[in-house]
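Below are two complexes that have subunit A in common, paired first with subunit B and then with subunit C.
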Partner chain A sequence: MKTDIIISIENVTKKFKDGDGEFTALSNINLEFSKGEFAGFVGPSGSGKTTLLNIIGSLDSPTEGNALVMGKNIAGLSHKESALLRNKHIGFIFQVYNLLPVYTVFENVEFALLLQNYSASERKKRVMEALEWVGLQNMPDKKPSKLSGGEGQRVAIARAMVKRPEILIADEPTANLDAKNAHIILQMMKKLNEELDTTFLFSTHDEKVMEYLDRIVHLEDGKVVRDEVKNKVAAS
Partner chain B sequence: MIKFLLKGILRDKSRSFLPIIIVTIGVSLTVMLSGYIRGAMGDITDQNARFETGHVKVVTQAYHENMDQLPIDLALLGVDSLQQVLTEKYPDVQWVKRTRFGGLIDVPDKNGETKGQGPAAGMSLQLLDDKSGEVDRLNISTSLVKGNLPAKRGETLIGDDFANNLKIEVGDEVTYVGSTMNGSMTFKNFVVSGTIRFGVAAMDRGTIILDIADVQEMLDLQDGTSEMLGYLNDGVYQDEKALELKADFNKDLNTDDEFAPMMLTLKEQNNLASYLDYVDLYSAFFVGLFVMAMSLVLWNTGLLGGLRRYQEFGIRLALGEAKNQIYKTLIFEAILIGSIGSFIGTAIGLGITFYMQYTGIDISEMLNNSTMLMPTILRSKFTPDLLYIGFIPGLFAMVIGNALSGIGIYKRETAVLFKELEV
Partner chain C sequence: MILAFQLAYRNLMGAGLRTWLNAAVLSFAFVIILFFNGLIDGWNQQAKLDNIEWEYGNGQLIHEDYDLFDPFSVQDGHGVLPVSEQENLVPILVRQASIYPEGRMLSISLKGIAEEQEIVGLPTHLLTNSTAEIPVIIGKRMASAANLRVNDEVLLRWRDVNGTFDAQHVTIVGIFDSNVPTIDNGQFWIPIKKLWEMTDMEGHATMFISTVDQPKEIPGWNFRSQEDLLRELTEIIEMKKASSSIMYILLLAIALLAIFDTQVLSIFRRQKEIGTYIALGMTRHQVVGLFTVEGSMYSIFAMILGCAYGVPLLIYLAATGIGIPEASQEMGVSIADRIYPVYGFALILGTIALVVISATIVSYLPARKIAKMDPVNAIKGKLQ
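Our next item is the complex of A and B:
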């Protein structure tokens, strides 16, 4: 277990308006994640997995409590600051790969770097390196429509990793993949986690994913019911 | 980044080609119909001015009171000197003599017996006077169907349909039968030098055109004419200018003398006052209505175009692009697409407008039974506002549509916008 805390969730509660009343999606969550962790949130639908990932990814903010990500309190960030946090430190992988269909594989990956001020040659170097990580260095000019599901998700991983973020958030990344491709993707992510020391946070129902996770946080009704680190329970 | 986005726009036909086509069609329709409305409305005024009312008209007071009957017995007299006075006093107006009259045309056969007869609507003008500009003003040269313009006195032009009905050929001699200004009968032979079709239903029915000198002699109208028409030198009717002329001319009018000349403006004749107000009001109304309708269409196109892209915005937010940056690029794209479509649409619209202005669409067959003095060729009219009017729906509405759809980027929580990613 690594010790540099990069995500600290303190008494976080998230409520949504539900008609005239409120729906509590997260209730008094306390969690910490260190640099380089390979962890996931597991639980039934509506347990709060995606809401918690959204808060960590600075896509949403808590109703109560503090969520500190890379030392920044998510609740106090402006749109611009949260965009900057995502731009510099957080990568996302989605259930559907969400590649921009009019751009090539190379351009889809490059897009993440355009938001940072890299020169064209530096961008090219980094994009090709990222494509090499996911084994797609031979198809930079292919359009997303010509890719298989597994290849599409690998491009999405390259796009998320090309800026070398400290945190990578993956929301059900294997849900649309067959078992073989799911294992390939997970192995790839595990390898990147080890080589680049990136913290991976998953939201999943998939047992295949759970096999790879070093830490599994079980959520139910917006609460942490079990925090499992490898073969021992860390907190509950 | 801009280069990257442009690449995307060019490759994605639903973001570039299709909206440009829609904007182009919308803008060209706006420009074309705006030009047509102005042309149709203005054309009728112009036709009336050229054929009947002038920009101003001098007649006797008595003639004015009975103008619908074209009473030649109430005509102006001493018109040569009147024309000279008017020309000296109002040098920015061209003055011409016109007399309209009715009668019968008799067509003899080779034995001199009547072959056919028909009622004639006669118009006399300064046909043989090159300086009068009447031939050009009435488009007589271009309206000739057969033969030539009268080259000397004793020659006449006759309506082509009228000539066909009476089986009159160029070179035939016809006899005018009518009454003089004193009420006695008059007969005069003329040689048909050509046939004519103005494209104006009321002018093409039984028309016979003669030189004013022939008619003065024929109708005992020595040094007389029923009307003296004035045309502003720039050829365009200006109500304020016409009112100034009228006020100046009529200031010494002796109302007790029913034969004293008085001046009328175009607006005071043929109920054109209400028509011109109607033209101004309704052309503005129709143009405004059409621009608004087209704006709604293109605004909606912009709105839908923006809403359709929330998935892309979600991806870009995830990659760390700021909301205001996404909004700016959305507006930039809308300006680019709107400008391209508006330029092309305006060019097409203007092309059609110019074609309609100079060539037009002939609807004469539909107006065979019409008695109105209205054009049988539909024409548009170019006005300077056509250069920019299409940009209202094409550019502004498009940008506003995109801008409104883009507000969703701010109004939605980022995570909710992100949900748009879920298919």
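Our next item is the complex of A and C:
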């Protein structure tokens, strides 16, 4: 099983400057995630969920300890290397979608592929495929401002998944959605997780999300208080 | 890099009106810079041609004691050149004199010129054809200053070679219209033979207009080439160019300020977008590049926009010319009633470079800030 580990958090501590002193957002975290996991961080507000996801996503780096993602030590990466890691291997989904407002649905999804050197026809094929995954193949030319919340988040999923990343990071993806839409996107993500074997990492307060998760890591005050692995039964 | 252009293009097109407003302001600057410089270049070109056509010929051979800028040198700055040496040269003798139109006294330069000459545009044939005792041709400026018309007579007083005064009525046989004030203001042109008679200075000349580029050297006389003679004019026009540039530099500054402002604002407002770019795998430097290209692309749009209305406008103006008010013709520098702007290759390229480079710089300056942004805060849209 060891070879399947794609994220490994070793003694990670994250401190933020807080006025004159320091604030410890994460303290001494040890975790491992294998390929294809559908896992999430749960805990009260301020417990460090987002901070941990940002470190795994190489948007931030630990103050102490090592975060190894795809075999790379996050703290040791240059800007260029971490950009490359995100571009090729990590997809992000945010609470407020963060779609690029002036781009169409198609262009938003296409973005990650533009950064890599795909031909126009290859891009088109992949983008349309990704839009099909989330059921938006009929509105590639819409602007984000014309989309409903659920559609917006589905575009975000397509944008994150179009490059078929190994890891998908979703920070409270359902927080702005109603129950129906939340279930729709969770089902889509679960399906993608199974079909593409992508590792999903969530942070959430949402009971609905927890229903779908195979593994829930409970955080409190920057510490792991419980690491709960559920049966796969929950999803079906 | 191509990607940055592609993305910048999308962003700018997506931003719609704001983009076109910035591009419009910049395009005004672009068109006006072209127009003004074209106008001055057109003036320069025309003035050069006029000066060659009316005054300089292919250069001037000037008596070594004569200084154009020292009126007293007229007295002694003349000499005799053997006729055998006068090949390709048109003699001019300059004397000081006064006229008395309507009871006023005006000092003038009395200039004798070989009337059979054809090298300069002065209508000296009118002198030949006239039966008047002393025929004179003058320019339109002189005519209006002394209120003289063709066939008018006016009293002329001059000194002969010994300094003795003499006076006689002369007849205006022609008034010429030239853009060159230096052969017009305060000048009376008469046949040189007549002047020799009047002053008892047979064979003397102050200068010669050359009909060839390189006359042979003659001791006691200095040759000033066409280029040399035009240098002063070019300098005056260059100065004019520099002083008029203040105005379009201001206009350009306003346009650049608009871009700068848009950039600062958009970097501030688009933090979330910047964070998203980084999350999607762009490096910070790529994002800085993207925003810089976005800003400099305004200059490309400005150029396209400027071409849309500028090309027809500038071509039209180049064809019809610009009317120059009377007042500016008193300046003492050659200037036509109409100037036809010319837009040289160097001017166009230079203006494009100026606009593109300056737009890129003002876009880059605020964009540098992106490199210091924390992507985590940027994604949240938290100000830093």
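A few points about this structure:
In this text, the second predicted complex is superposed on the first by the 227 of 236 C-alpha atoms of A that agree within 3 Å, B and C clash if a C-alpha of one lies under 4 Å from a C-alpha of the other, contacts with A are read in each partner's own complex, and residues count from 1 in each chain.
Everything below uses one rule, namely that a residue touches a chain if its C-beta (ideal position, glycine included) is under 8 Å from a C-beta of that chain, and two chains touch if they have at least 3 such contacts.
Just so you know, these numbers come straight off a predicted model, no measurement behind them.
The superposed arrangement places subunit B and subunit C in clashing positions on subunit A. Within the superposed three-chain model, A:I5 lies out of touch with both subunit B and subunit C [touch as defined at top]. Contacts of A:V225 after superposition: neither subunit B nor subunit C is touched.
Once the two complexes are overlaid on the shared chain, A:A179 sits clear of subunit B and of subunit C alike. Using the contact criterion defined above for the overlaid structures, shared-chain residue A:F111 touches subunit B and also reaches subunit C.
Across the options 19-27, 55-63 or 181-189, subunit B meets subunit C in a clash only at 19-27, per the superposition defined above.
Once the two complexes are overlaid on chain A, the subunit A residues touched by subunit B in the first and by subunit C in the second are 54, 57, 59-60, 79-80, 83-88, 92, 94, 96, 98, 100-103, 107, 111-112, 114-115, 159. Those residues of subunit A whose C-beta lies close enough to touch subunit C in the complex are 54, 57, 59-60, 79-80, 83-88, 92, 94, 96, 98, 100-103, 107, 111-112, 114-115, 159. Interface of subunit A with subunit B (complex): residues 51, 54, 57-60, 79-80, 82-88, 90, 92, 94-96, 98, 100-103, 107, 110-112, 114-115, 159. Contact residues on subunit C toward subunit A in their complex (touch as defined above): 3, 6-7, 10-11, 13-15, 272-273, 275-276, 278-286, 375-376, 379. Partner subunit A is touched in their complex by these residues of subunit B: 1, 4, 7-8, 11-12, 311-312, 314-325, 410, 413-415, 418, 421-423.
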